[in-house]
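Next come two complexes, and both contain chain A; in the first it sits with chain B, in the second with chain C.
Here is the complex of A and B:
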């Protein structure tokens, strides 16, 4: 087996190792209910990771992801439930703002990190305006979606496979995906081929906004109510998920299936450490250690590839 | 190492029973209780966790319950705590005691726990999911208790200066509402000034110093805790007689009170919430597992320190800390009864 193939399989391999360890430590998880409880909170994280992946695919980084998902959660728990039409309009507007941010970053040649960091305060402020104190209620259909119990396979697994499949089609199989990854890989050559970089970037940001909106709605479906700070962790989780799943910060090298697996792995790592009874003081460190081990394995595989001269 | 106070409780709870004399309950001897905590970064939370370890450790070794493990999330984030609660469900706990990062964002996970037949008791940071039990703090009652004390101490009444907390926080509104309700019941008192001390001695001192020149003679200062010592300093610095100032169980406040008591026979009282409320939540969860009928909403008794219990409380309160008390099974039963 070539090291390239090994590298692609690494995310799935780490998830499998972690899952087997969790099954071993806590056999109760090896059930329909157990798998659902292990992975249901990973579903919105997986969507946020796909959103982040689309931004990373064009060589940018979105530091407003957590605040934006929190904002969407607040809209979903208030407007989307009480006045669905207005709710949909607000969310569509938010996706439009995402596209504008992408345009602004390109046209003014600004660093994405700075602009999205600024946007995170905008989204955070709007979320507090909508829900000054925690509350609201999830729309019935979002609640139903997250509570549904399909026969045989738990909702969390079905949803993860669906997200991975759709994102894979969009990014790896469609011409839209090829252009987006092309912009990340070599912007100039895509431009010479006749594409408008402006619109490609706007489209990448808009689709990221779309996936982040889904993340926020499904998160509220899970929690039943919102809080202006509900998803602040998603910024770092989504970036870590993309990298863990085999993506690179530059060059348009991303993997949608890997990103979903990365999100599942990060969620599972938390449960694994909790089942091991590792004190909370060490948990952040241990989560970091898991990340470093996976990334170190990847670097090793890259080295062996270069050593063997395979290109 | 923390030391703890056994001080008088407002609700006249008997503190006589020690844990060692409790009989082991066959009904809950095999049950496991978990504490899901969102934050451990200040002295109040540290005291809360130490109290939990101390009381539940004794309960486990005497066979009341099989296990009582504490879990704190690494970051103070609702999604992380929701995942933690779902993990606790999978670990097979019979009851989960929660100090929540958000009153609403954990509701989905709490519902999953209830559906799995797990008893959920929230305290301090409570959750709104109807299937959970809530041990809430009666902040309004805490404010009103100050006027109850004053009406006995100064039956003729007089002018009051009110110290408020951090503007916009519901705790501030609640305590203040309680104080104003108390004033309405005792019209011989009149609030002639009100400043925000933000629950911090230095802020309180500055705020009181600023308003003092414009105030008539003050009979008493009603406070929210963490602002009594600063107020006293402001009165002393202005060269005015220090009136009766209600304290808030902080070590510096108790120390100042003790000095004044020894020097001039100064009299007041002190009231706040004890971090040991985590142990009350533990016993309530144990009672529910034991089959007791418990109302969904309970109220935490305050920890009140009086002229007579001052020395004892001061001795067991750490410098820089806040007076604490651990609750017994009997306290939990009394709390349940009074909330019925």
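Here is the complex of A and C:
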């Protein structure tokens, strides 16, 4: 029981350790502006992580996440700004395609990794078609959303808490989330109870698409312009975020709050290295190192749990 | 049978899987207020019947009537609507969800608002009703429960009534993980449920339990119903007899000469085989036979390095999962375990491999014109022959076989039987787990497994169907 609790606290603990180290090295970050700067890039990553988590919850993996977020960013910086109605239609269609991909993977019994890898080229190609060279401009409201300054707490923190709360309600509390995680845990028993696995999977993919669309829009809100390759790193970042946050690749074991914390930790790792005056080339390596350390801790906790004979 | 009264009635039910007739014209009825005990040995068709009743499988032929009404498109959701519930033999909860959430999955009619609170009260009451005095917390993760607790939760969920009334509950080995106290509590609840007008189909390998709880006994054999009558007419002995078939004599090999040296044994001494002996592992499927084989194998080969002259060869049971390399040729599939012996200076000798392929193709009659063909171009039976050749071609003096004849045609079986006898005559030892009585009777000596341990051992003339069934089905509740 105690090691279960410890496991749940591990993501928060790693974030705290990293945050304290950053505060120690650069005390000026301990301010409204500092915190906002530290974390505002984490907001779209957190959304993409939640999207990835929904796919992982049904035992699949989405390798098109980065390309899809880039595609959304390009749509947001062009159509959504110039012809909002058309922009909304395109994005709604994209969510529909996500649902179709989920259906295709289930009906034809295909490996999700292969299908989504293929889709990543489709999304990447579409993004280049829309924006052959970096450019476009963020819709005013998206920019406002990311630049707004609520009193007391920086926007990045507010947004992260909001995302975690909504995702927690959707995935952990609602009946919809229970069925999705049930499919990840034991698909046959869900099927035997009379649920349509097809629709559950389609819904999981569609909600993932929805969160990824939000990630793309907010990313453009931050950067104010888009580029077809703007979010390619999100694929691996989102997977790492889910795992760092206590999720597992199989068995429907996911944690939305953990996933958001995981995304924050990964973002912070980058800044931490900059404060240490280490070149940004090393950042990805450092993120990997953090991932390995946290996972190693988790394995240790699991071992101690088994050793204690708790079933 | 007055089928207007039946909760569910199957008439002339037939279901085939390829050449296997899982159900071969079965009439099955359950009336309200009745508990039917369903018994039969491996492959008798029990699981198929259960899966038809709960809507998981559809019939090839025959009709299903619910409360007297003919149903065309019977499905899982139609079954649930009709009040049919099922507790499966293998545990089927989601381990990553808490108990309350599993209730949500199992009961679609729970409603959307405040379902957590409702499910919590409902399942707590239900657990209290079936297992008074239990200590399970409804907010516990199912993965953290013991096997017995999971089974308790599953039984309680099956009996839980929300908006659809529960009319029929199928219990497939419900007491397999429960101790005597819990099992008795559950049986008492089942009795009450039946007295209140519910119907139950009860499957168990503990015959006393079946006789105690059931009003009617339905015995299946080879996809057919052999007995369907009141339980009071039976005792354990007559039930065992009913499950068996007409005794068929088959000639015994003389193995007294070889019975001297022990060829292989489990480290704990519970199982051993002599040189030149065919030892059978029998019992209901999933009672520890495969584990015993794997243990035997690992204890005698547990080594990181691959080497020549392995002492033990293994013939896998689940061909498609553990046996065949689907992208390789027949020859490659066959020579796999022999590669160290065929290797000279780091390279496989193609000529020797070919030679070996030619030899074995003739010896066991693999039906192909070219051993370089794809393994998947062969029929299932011939694929299995290749896997046999893989084991037999090796010099290993002991061969372990994990129910290798599943879904193999009769002709191939006869070929393999004679091959085994011939090889055993030459001093090779076989340990053979089989779920088929015919095969078990080929063995010189048989260990019968029950609940993960060896329950009985028979040799020579004592290897009879009746003895084996009696040992696989427990006579007294633990």
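As a working rule, the second predicted complex is superposed on the first by the 304 of 311 C-alpha atoms of A that agree within 3 Å, B and C clash if a C-alpha of one lies under 4 Å from a C-alpha of the other, contacts with A are read in each partner's own complex, and residues count from 1 in each chain.
Criterion: contacts are C-beta pairs under 8 Å (C-beta built on N, C-alpha and C of every residue); 3 or more make two chains touch, one makes a residue touch a chain.
Here the structure is a predicted model, which means the values were calculated and not measured.
Peer 1: Which chain, chain B or chain C, ends up touching more residues of chain A in the combined arrangement?
Peer 2: Comparing chain B with chain C, the partner touching more chain A residues is B.
Peer 1: Scan A:189 for contacts with chain B and chain C and give back first, second, both or neither.
Peer 2: second
Peer 1: Quick check for you: in the superposed arrangement, does A:64 touch first (chain B), second (chain C), both or neither?
Peer 2: The answer is neither, since A:64 touches no partner chain.
Peer 1: For A:41, using the defined touch cut-off, is the partner it touches chain B, chain C, both, or neither? Pick first, second, both or neither.
Peer 2: Touch partner of A:41: chain B, not chain C.
Peer 1: Counting only touches as set out at the top, which of chain B and chain C does A:231 meet: first, second, both, neither?
Peer 2: Touch status of A:231: first partner only.
Peer 1: Kindly classify A:181 by the partners it touches after superposition: chain B alone (first), chain C alone (second), both, or neither?
Peer 2: A:181 sits against chain C, while chain B stays out of touch.
Peer 1: Just to be sure I read the superposition right, which of the two partners does A:253 touch: chain B = first, chain C = second, or both, or neither?
Peer 2: Only chain C is touched by A:253; chain B is not.
Peer 1: In the superposed arrangement, what residues of chain A touch both chain B and chain C?
Peer 2: none
Peer 1: Report the residues of chain C in contact with chain A in the complex, numbered from low to high.
Peer 2: That would be residues 54, 56, 76-77, 80, 86, 88, 92-97, 101-102, 104-108, 110, 112, 115-116, 144-146 of chain C.
Peer 1: Residue numbers of chain B touching chain A in their complex, please.
Peer 2: Those in contact with chain A are residues 40, 69, 71-75, 77-80, 82-84, 86-87, 89-92, 102-109, 111-112, 116, 128-129, 170.
Peer 1: Which residues of chain A touch chain C once you look at their complex with the stated criterion?
Peer 2: Residues of chain A touching chain C: 4, 173, 175, 178-179, 181-182, 184-186, 188-195, 251-253, 310-311.
Peer 1: So in the complex, the part of chain A that touches chain B is made up of which residues?
Peer 2: 26, 28-29, 33-34, 37-38, 40-41, 133-136, 146, 219, 222-227, 229-234, 267, 270-271, 274-275, 277, 280-281, 283-284, 287
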